[in-house]
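You will see two complexes here that share chain A, one where it goes with chain B and one where it goes with chain C.
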Partner chain A sequence: MKRMAVIAFNTFKENLRDKILYNLLFFGLLLIGSALLLGTLTMGEQQKIIKDIGLASINVIGLLVAVFVGIGLVSKELEKRTIFTIVSKPVPRYEFLLGRYAGLAFTLFVNVAIMTAGFFGTLLVSQALPDAGLLTAIGLMFMELLLIVAVAIMFSTFTTPTLSATFTLAIYVIGHCTADLHALGEKLHGGLSKWLINGLYYVLPNLACFNVKGAAAYGSPIEMRYVLTSLTYGAVYTAAVILVACMIFQRRDFR
Partner chain B sequence: MNTARRQSAIIITGMALLCSVYLLQVKLLEFRSPLLPLAELRYLPDGKYLKAVSLGYEQLVADILWVQAIQVMGERKVSEEAGRWVYRALDAITTLDPHFVRAYDAGATALTTVVVLPEESNRLLEKGIRHNPEEWRLPFLLGFNYYFEFQDDARAAEYMARASRLPGAPRTLAQLAARLYAAAHEPQLAIDLLMNVYERTADDSVRMSLEQRIKEVVVERDLQMLERFIKLYHDREHRFPRRLDDLIGPGYLRELPREPFGGSYLYDSATGTVRSSEMSERLTRLGTRRQK
Partner chain C sequence: MKPLRMSGLTKEYRLGLRQRRVVALDHLDLEVEEGEIFGFLGHNGAGKTTTIKLVLGLLHPTSGSAWILDQPITEVAVKQHVGFLPESPFFYEYLTAQEFLTFYGQLFGLGGTTLARRVEELLELVSMKEARHVPLRKFSKGMLQRVGIAQALINDPKLVILDEPMSGLDPLGRRDVRDIILRLRDAGKTVFFSTHILPDVEMICDRVGILVKGRLSAVGPVQDLIGSTSITAIDMVVEGIPDRIISDAERAGATAVKRGGQVLLTLSNGLEVDYMIDLVRMHKGRLVSLIPHKRSLEDLFVQEAGGVRT
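== the complex of A and B ==
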């Protein structure tokens, strides 16, 4: 546990050294810029647009960090040959992987937290009240990011960074279209194709369930039971992906 | 922990996680709105904005929207509000891809069969004709709408004639147009038209509703015929027939028509009226078109 914490903390420090948090500057400029530019519009619309832009940019920036840092976590160690100094120590490989994961998760948490603070600050300046719905939406978004990081790490345990990034982004896109897959499965009348489509629906991550941005921006109520189910789903799915990643990483030969 | 035990632990954990993922997915389905595809269409931006953001993949975006729209169109009955959103989606699809003839064709048919939005159907067809002047099916369907939905024989005939002159149009179309010019509002004319549409429709759900419509018109045709003969009987015998079977014989019917829905024609000898056991309402008598 202690070893994992050390690896996690080092990962976080490494991310800071890589100037990951510079993205926050971009985020801030985007939010403040849109708030200023939209000042000429009516109040109600301005607030809604700021909410939309804020939520969307937290999501997109978080996604980019999750994917492009996630894929480098393992491959960078391999490239720099620092992996040998770690695996030769009495550190089980899964602990290394979990530590790396926890480190990036923490980096993302700090990142999202600062973005949320900036977002709420902008809302206050533009005289809109930040409400719990927005926080719920950001919480679900964070769960989605945790899942995406797990997927990115899983791919990076066995393939090159470029391919990992491509696969992870593909999973992200597919994960948002699984509702169509389910609708398609329901229209099919039995047989192998229905079985296959339904199987895919349950195996692929259902990322759309983490998306309540629309409801949050409009201030519509979000059912607590739904949020809890989605969070549990995300946690269980993430655990499953990390398990697969650990299994692959355990068997991998380093050259 | 030895390797075998560790492996079985991993496998058991993996299985447990997969089962939980499945169960949670099933649970999440409960939260989904039953009208999900429709709910998605509701937030659909205008076609011209979609065109700007589709970054050169207009056809692909149109295809994806089309697949979603036919999920709604495939339902047996769609509310008028839902129908308007379907029209909105069809309009966006055809703005993205103006040569998507199938979207005009099946879309316009659905707008008059699964819902009753003839104006929207016509608007879609007119847009289709503007972009695809060589497609005979579009003016054909527009003529059909003018005949069946608007009772405007002159315009119906005009579009039918226009369709019959385009490449690929069936030869019978010109005859249909000619008969329309004569403006004979016979039920048989409606059946011919419907059969014509039915034969060139590939979409199963549209075919099903057309089949229903054809049967309704057949009932109307049969009822009009029976009424004619009941009147004839009354004129000759100065009383109504006791049973419908009395209408079989020389100078009358060779046999009684069969109710197409599998029911029967019910006859009231006191008033001399006849109706179908399967249809509570009559189609409009003249021309058997949709009542306004």
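== the complex of A and C ==
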């Protein structure tokens, strides 16, 4: 546990010293700030525009950090062979992977927290008040990011960084369309294709359940039960993906 | 207790679509004794790094077993007593030398003043005190190698495994590494290191093993392998002797090269030397120098490797 914390802290330190993270964060804050300008161009809906752009910016920037830094977490270690000196220490491989994951999760948390502060600051400037609905939306978004990081790490334990990025982004896109997959499966009349489509529906993550941005921007109520169910689903799915990643990583040869 | 033991250690790879079988290491049996410096020799691709990676759990063996301090290598806890320097080390370049050593120390469960003192000692040992706050990305190859050795010693290990610790270093750097290895032995550690720089091995190793195409072809004390008294040739430089004597020497099996007033005679055994010295004295010539050539580790290596290169 202590070793895992050491690796997590080192990962956080590594991310802090990475310029890409600052660039993304700066860009995110700029996007959120730009909502003020765009808001003035619309009639009456200014605060809704700011909320829409703010939430979308946090989502996009968070996703970019999760995918690209997440993939680098393991593949950079393999490419630069720094993994040799870690695995040759009394560190079980799963501890290394979990430590790296925790480090990036904390980085993402800090990142999302800074962008949220920027977002709420922008709202205050436009004389709107941040509400619990917005925080709930950001919380679910963060859960989604944790799941995406787990997927990115899992792919990077056995394939190249480019393929990992492609697969992870593909999972993200399909993950937001699983309802369509389900509808398609219902329309098919049996056979292999129905079986395959239904299989994909159950195996792929349902990321749409973490998306309450629309309701939050409109100020519609979000049920607590829905939030808790989504969070539990996200946590279980993330744990399962990390478990698979650990199993693959355990069997891997570091040539 | 054996610091390191391998029995039938084998690693095979399957390459390409046809899953072509490549044997990187073939049934290696080897024991390293406590407190010795063991040199692991072999040309590039002979399987040295594969062996080290298998022992440290970076690769999974196809068959066979290995033990560190009589514990199977599958026990992660046994690595608590092992120090390792990989070949051409790459480290976290965003860390400074001090942060880097502290990080590795923490992985061994060290902390507080014990770790701070240890980091201080090691920075001193590898002469890196001045560069303690410099990020590793600004380090030269030699500095990285030194700080790499320091991280291998952070846990005060009983067994130190170094993969090509002298490669890419200048003569001074190599001497420093050699000195550190000798100091480790004096401190009672066992050192297992792979290399292809033979003079270093001859100078510091107690025993060597020669790996050829994944198979161990020779193992033993350096002196036993190269023969402590076996003289392969003798160079004799003389002057002031008549040509007739040179012809006599050539008939007796020597090769002769004239250089101004001097003649270099290369003789193949001691008996010829006595005969030639008598001849030189008889004809009032002068013996300038007499240099015996011993069989070197390099000769043995070339012989064992049989000129095989991959």
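In this text, the second predicted complex is superposed on the first by the 235 of 255 C-alpha atoms of A that agree within 3 Å, B and C clash if a C-alpha of one lies under 4 Å from a C-alpha of the other, contacts with A are read in each partner's own complex, and residues count from 1 in each chain.
FYI, a contact is a pair of C-beta atoms (placed from the backbone, for glycine too) under 8 Å apart; a residue touches a chain by one contact, two chains touch by 3 or more.
Remember, it's a predicted structure, so these values are computed and weren't measured experimentally.
Overlay on chain A: chain B and chain C fit together in the combined arrangement. In the superposed pair of complexes, A:T82 makes contact with chain C only, with no contact to chain B. In the superposed model, A:R17 makes contact with chain C only, not with chain B.
Contacts of A:S193 after superposition on the shared chain: neither chain B nor chain C is touched. By the touch criterion defined above, A:A239 reaches chain B but does not reach chain C.
Touch criterion met: A:D253 reaches chain C, while chain B stays clear of it.
When the two structures are aligned on the shared chain, A:H182 is found in touch with chain B, with no touch to chain C. Of the two partner chains placed by the overlay, only chain C lies in contact with A:P92; chain B stays clear of it.
Between chain B and chain C, the minimal CA-CA distance in the chain A superposition rounds to 10 Å. Residue ranges on chain C touching chain A, taken from their complex, read 53, 56-60, 76-80, 82, 84, 86, 88-92, 94-95, 99, 103-104, 106-109, 151.
Chain A contributes residues 179-180, 182-183, 187, 201-202, 206, 209, 214, 223, 226, 229-230, 232-233, 236-237, 239-240, 243-244, 247 to its touches with chain B in the complex.
Of all residues in chain B, only 10, 13-14, 17-18, 20-22, 24-25, 27-29, 31-32, 36-37, 43, 67-68, 71, 74 touch chain A in the complex they form.
Within the complex formed with chain C, the chain A residues making contact are 2-3, 6-7, 10, 13-14, 17-18, 80-82, 84-92, 251, 253-255.
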